[in-house]
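These notes open a run of structures that come right after.
Next come two complexes, and both contain chain A; in the first it sits with chain B, in the second with chain C.
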Partner chain A sequence: MRVLLALVALICAAPLAAQDTLPPAPYAYQQLADPAQEAEAAALMATLRCLKCQSQSIADSDAPMAGDMRHQVRTRIAAGEDPEAIRQWLVQRYGDYVSYQPRVSASTWPLFAIPLLLALLAAFILRGRLGKRREPGA
Partner chain B sequence: MIAELGLVALWLAAALAGLQFLAGFGALWTKMQGLADLARPAALVQALLCALAFVCLLLVFARTDLSVALVAANSHSAKPLIFKLAGAWGNHEGSMLLWVTVMALAGGLIAAVERRLLERTMLATLGAQAFVGLGFYAFLLFSSNPFERLSPAPLEGNGLNPLLQDMGLAFHPPTLYFGYVGLSVAFSFVVGALLTRQVTPEFARVMRPWILGAWVFLTLGITAGSYWAYYELGWGGWWFWDPVENASLMPWLAATALLHSASVLAARDALRAWTVLLGVIAFSMSMIGTFLVRSGILTSVHAFAVDPERGSFILALLTLYIGGALVLFVVRAGTVAEGERFSVMSREGALVVNNVALSAILCVVLLGTLYPLLTEAFGVRVSVGPPYFNPVSAMFFLPMLPILAVGPLLRWRRDSFARVRASVIALVLLALTVLLGVWLWAGVAILPLLGMAVAAMVAVGSVLPLRGRSLRKLPLAVWGMVVAHLGVAVALFGMAADSAFQQERLIAANVGDVVEVGPWAATLEGVVPVAGPNWQAIEASLTLRYQGGDGTLTHPQARAFWQPPQETSEVALVTRWNGQLYAALGNQTEDGRWQLRLWWKPFVTWIWYGGMMIALGGLLALLGRLSVDVRRRLAAGKIARRKADEQVLAA
Partner chain C sequence: MRRLRIFLWALVAVVGGLFALFAYQLGQPKDEFVESAMIGEPLPAFDLRPAVGDRPGLANTDLADGRARLVNIFASWCIPCRVEAPQLEALRQSGAEIVGIAIRDRPEDVAGFLQIYGNPFTAIGADDISAVQLSLGSSGVPETFVIDGRGVIRYQHIGDIRPEHVQTILYELREAELTERGA
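Showing the complex of A and B:
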């Protein structure tokens, strides 16, 4: 069954692979030789959304598109690109949706402002409940 | 016929919920004793009828009666019986029926046994319980009828999503539902207490077993769900801050806060308004969780907008109950006196910190879960995932946990720092030693590093309350606290260790190749096709050796189900005390090699051991509280009988 599916996929992918005997995304399931670079790539891949799945990062998916993106990330890391630059490049291509790490922008600032407010509020409540509550006579 | 019987039982149960609602609230305002006498029997009969309806649903699934639309859509005659039964609640309609059934059973139980509160408060509680129930009956009967017939009946059913054909997932949703329903009971008690102005320690004691029970089920549900995602999805992740996961985490956070503040109310008559508010919030989170999972809004806001019937229904219920309860809270909060006072250095003080921190984390999770849905409604798609949730929740978790380590050492009401100084200094030194030691030895990232230091502190701090006490005479509830807190440390250590030390190996291997990952060596012995009752698979034989020791032969599979067509990965796991080796089989490459994915995950199992310890702690506390309640009731009965005897003698 799997082999059959793989064959079908191969036939569909034939035009792409025509110029090249290599499979379309060799680094989809292959780690980089340098452990430091692979760690960088793995950390980045865990924070990128697989656009064809529901709530999975590209590091956790068998979807072909996730494989392609892993290949992209690994080859770019191997070429010495900075992980954040790769993230930016993917965001430009696919939009903010692709990155699980929201950046501060006009539409996302409450995500960052509210936790800070919460921290202030927590400190305020604790002060209110605990600070002035001296026992009478203590 | 069975389906019709179930439907009739469900309608009758709904009618009885209406009666219970009228009787409970009617008696409250009209003081008609005849009405009041109906509330408890109505709750009992309603529970029986609901149970009957649920049994009917189980029966039509067990027989694969394909003329029932729900069975045709979710079952298949070739499925093993246990998954046929699990299929009864593995879908929208069936799971809502399960929810209503558990809620009716809980209502029946309080109606049958709970006699400690003022009868007025109990009537208001039963009325509130029926009011919540009515909404769900309406939802079931008008928009999610599980017994709907299909004509003509199809020859074969659609089958159950193969990912769900797994023991872990067969029992995961009911576990969570038990938790949600337990919180609905707490909610009803809160409404009853607010309506009759009876926010008392006795109220907290009556409500506490329900919170504890709900909390145990939620803990088990989350732990099981996390382990399920870990081994079933085939990529070794155990928590992704996925909205569905968050939907179960939020009620847990609220229930944890509620549990602790209810303890303060029960023991010290303090934190009255806060406990009541948390009771409302905890049930709100259950409703929001149900809404998120059941409305389809998570797949896409637009999918929800196209077919909003069910989602709108739950949203309307949510607004009605939560809005109503909050209005009631605002109206009555002024009349709920603040309660007893306490100083900073006290058990209550530490519990207030715990409550505030848990509430803040709850807000963060809620914000991060709902925010993408909100922006999507305005046409902007953003993703919020682990890189956001991990640091932001840690901002509140990490300060809370040292307080958790010290809090149980403090006395109620007022304590002096001098009394616990030695323990506190020892705990801080321990944390610093671990911090420095791990950093020098392994140089791990900041969050796992802090996690390990705090875990060590919590582990030692949680057993310190045992010092100098007779272990045999220690109340069960204290054992529960110790075990649960220790479980927090164990789970936290597992999370930190797995994040810091996990090793990954992805490789294409030929038969006979040896692949090394961490201290393990894996030998690919062979790959063969195999077939099961409703699937076929490619199965690898993989020998796994830890540090050159004896090999364990494992069989990871890449499975393909045919009804519905879907592929899953059956991973091979080898568990040692210090972690787990995780092996998954992937596709075949073009040159005939096999994709292998191997992870060495040090101490990863401690996450779930910790989760189980937390649940066990809750269970011990629950048993402890219940046994005290039962003993009290027996003693009260004895005294009453003696008094009666004396009166007879005197006469």
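Showing the complex of A and C:
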């Protein structure tokens, strides 16, 4: 009986959801009519961060705010805006954080420089070793 | 042999250092706030319809009339917005003029929310597709911006305003008013 009551309570419980009830923005889930423009928009949306969910792109997220961001991207692309200009518009508002596209800047250049340095170092060490091994045989 | 031993100990030290770094970083509190990069910038252009019947809507030109204001981004469906209502009322009583932007909200829901939790706003614009929120660099509800009399964004408070934040926000509002007059 108690289990049954608990089950009934579970079914009747209204979830306390912090979500709005408005329908999504027109272009949140609707593709652009022009396939070339939609492809441009999709490529851009895959490299923009959802601000609500932070580890997803706005193309991956069902958060209402991600839908509103997709609407922005699609309507701006439809209006003829360049995808990089749209990215820049968002970066101006949220910083580099909003973009997943890697960019060389004052704080990120070591990420690009260190692998190069390591490859050079490895080549140098290998050359020393291989050169040494050949000598006694000669 | 000795060189190899030194090399191995150095390797252990490097790996140990790496783990110490991981432990340190894992111990740091997570910073989930995405700050707006628009501080110091003028408000972008917008013109929002009224969110409720008894208050006017909101346009960026309304916020460049020489008076510093607070812009509160809220929604009736946002639970922390209920928690900050008493603090907004305290700010209003301390002389702050507060305007609101309601995100993705129905007029009847906004009206119901204001009836229960109070209405500290002199104007409320309805932002149905978060367009103005995105153009402000705001990433959630609630958030509160200090706008000076020329319509320049001066300060951003992310999250609900707790009692301990009221003084800081009032200070930032006064600062916005003062530099205004000095300029």
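By our rule, the second predicted complex is superposed on the first by the 93 of 138 C-alpha atoms of A that agree within 3 Å, B and C clash if a C-alpha of one lies under 4 Å from a C-alpha of the other, contacts with A are read in each partner's own complex, and residues count from 1 in each chain.
In the analysis below, a contact is a pair of C-beta atoms (placed from the backbone, for glycine too) under 8 Å apart; a residue touches a chain by one contact, two chains touch by 3 or more.
Since the structure is predicted, the reported quantities are computational estimates derived from the model, not experimental observations.
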item: Contacts of A:25 with chain B and chain C, given as first, second, both or neither; value: second
item: Chain B versus chain C as contact partner of A:107, first or second or both or neither; value: first
item: First, second, both or neither for A:69, with chain B first and chain C second; value: second
item: Dominant toucher of chain A (residue count), chain B or chain C; value: B
item: Partner chain in contact with A:95 - chain B first, chain C second, else both or neither; value: both
item: Touched partner set for A:54, first chain B, second chain C, both or neither; value: both
item: Overlap of the chain B and chain C footprints on chain A, listed as residue numbers; value: 54, 95, 97-98
item: List of chain A residues in touch with chain C within their complex; value: 16-22, 25-26, 51-52, 54, 64-65, 68-69, 71-72, 90-95, 97-98
item: List of chain B residues in touch with chain A within their complex; value: 233-235, 237, 240, 242-244, 298-299, 341-344, 349, 352-353, 356-357, 359-360, 363-364, 367-368, 371, 375, 378, 380-388, 392, 395-396, 414, 504-508, 536, 538, 558, 560, 567, 586-590, 595, 597
item: Interfacial residue positions of chain C with respect to chain A in the complex; value: 32, 34-38, 75, 77-79, 103-106, 109, 128-131, 133-137, 139-140
item: In the complex, chain A residues that touch chain B; value: 1-3, 6, 10, 23, 29-31, 42, 46-47, 49, 54-57, 59-62, 95-102, 107-108, 110-111, 114-115, 118-119, 121-122, 125-126, 129-131, 133-135, 138
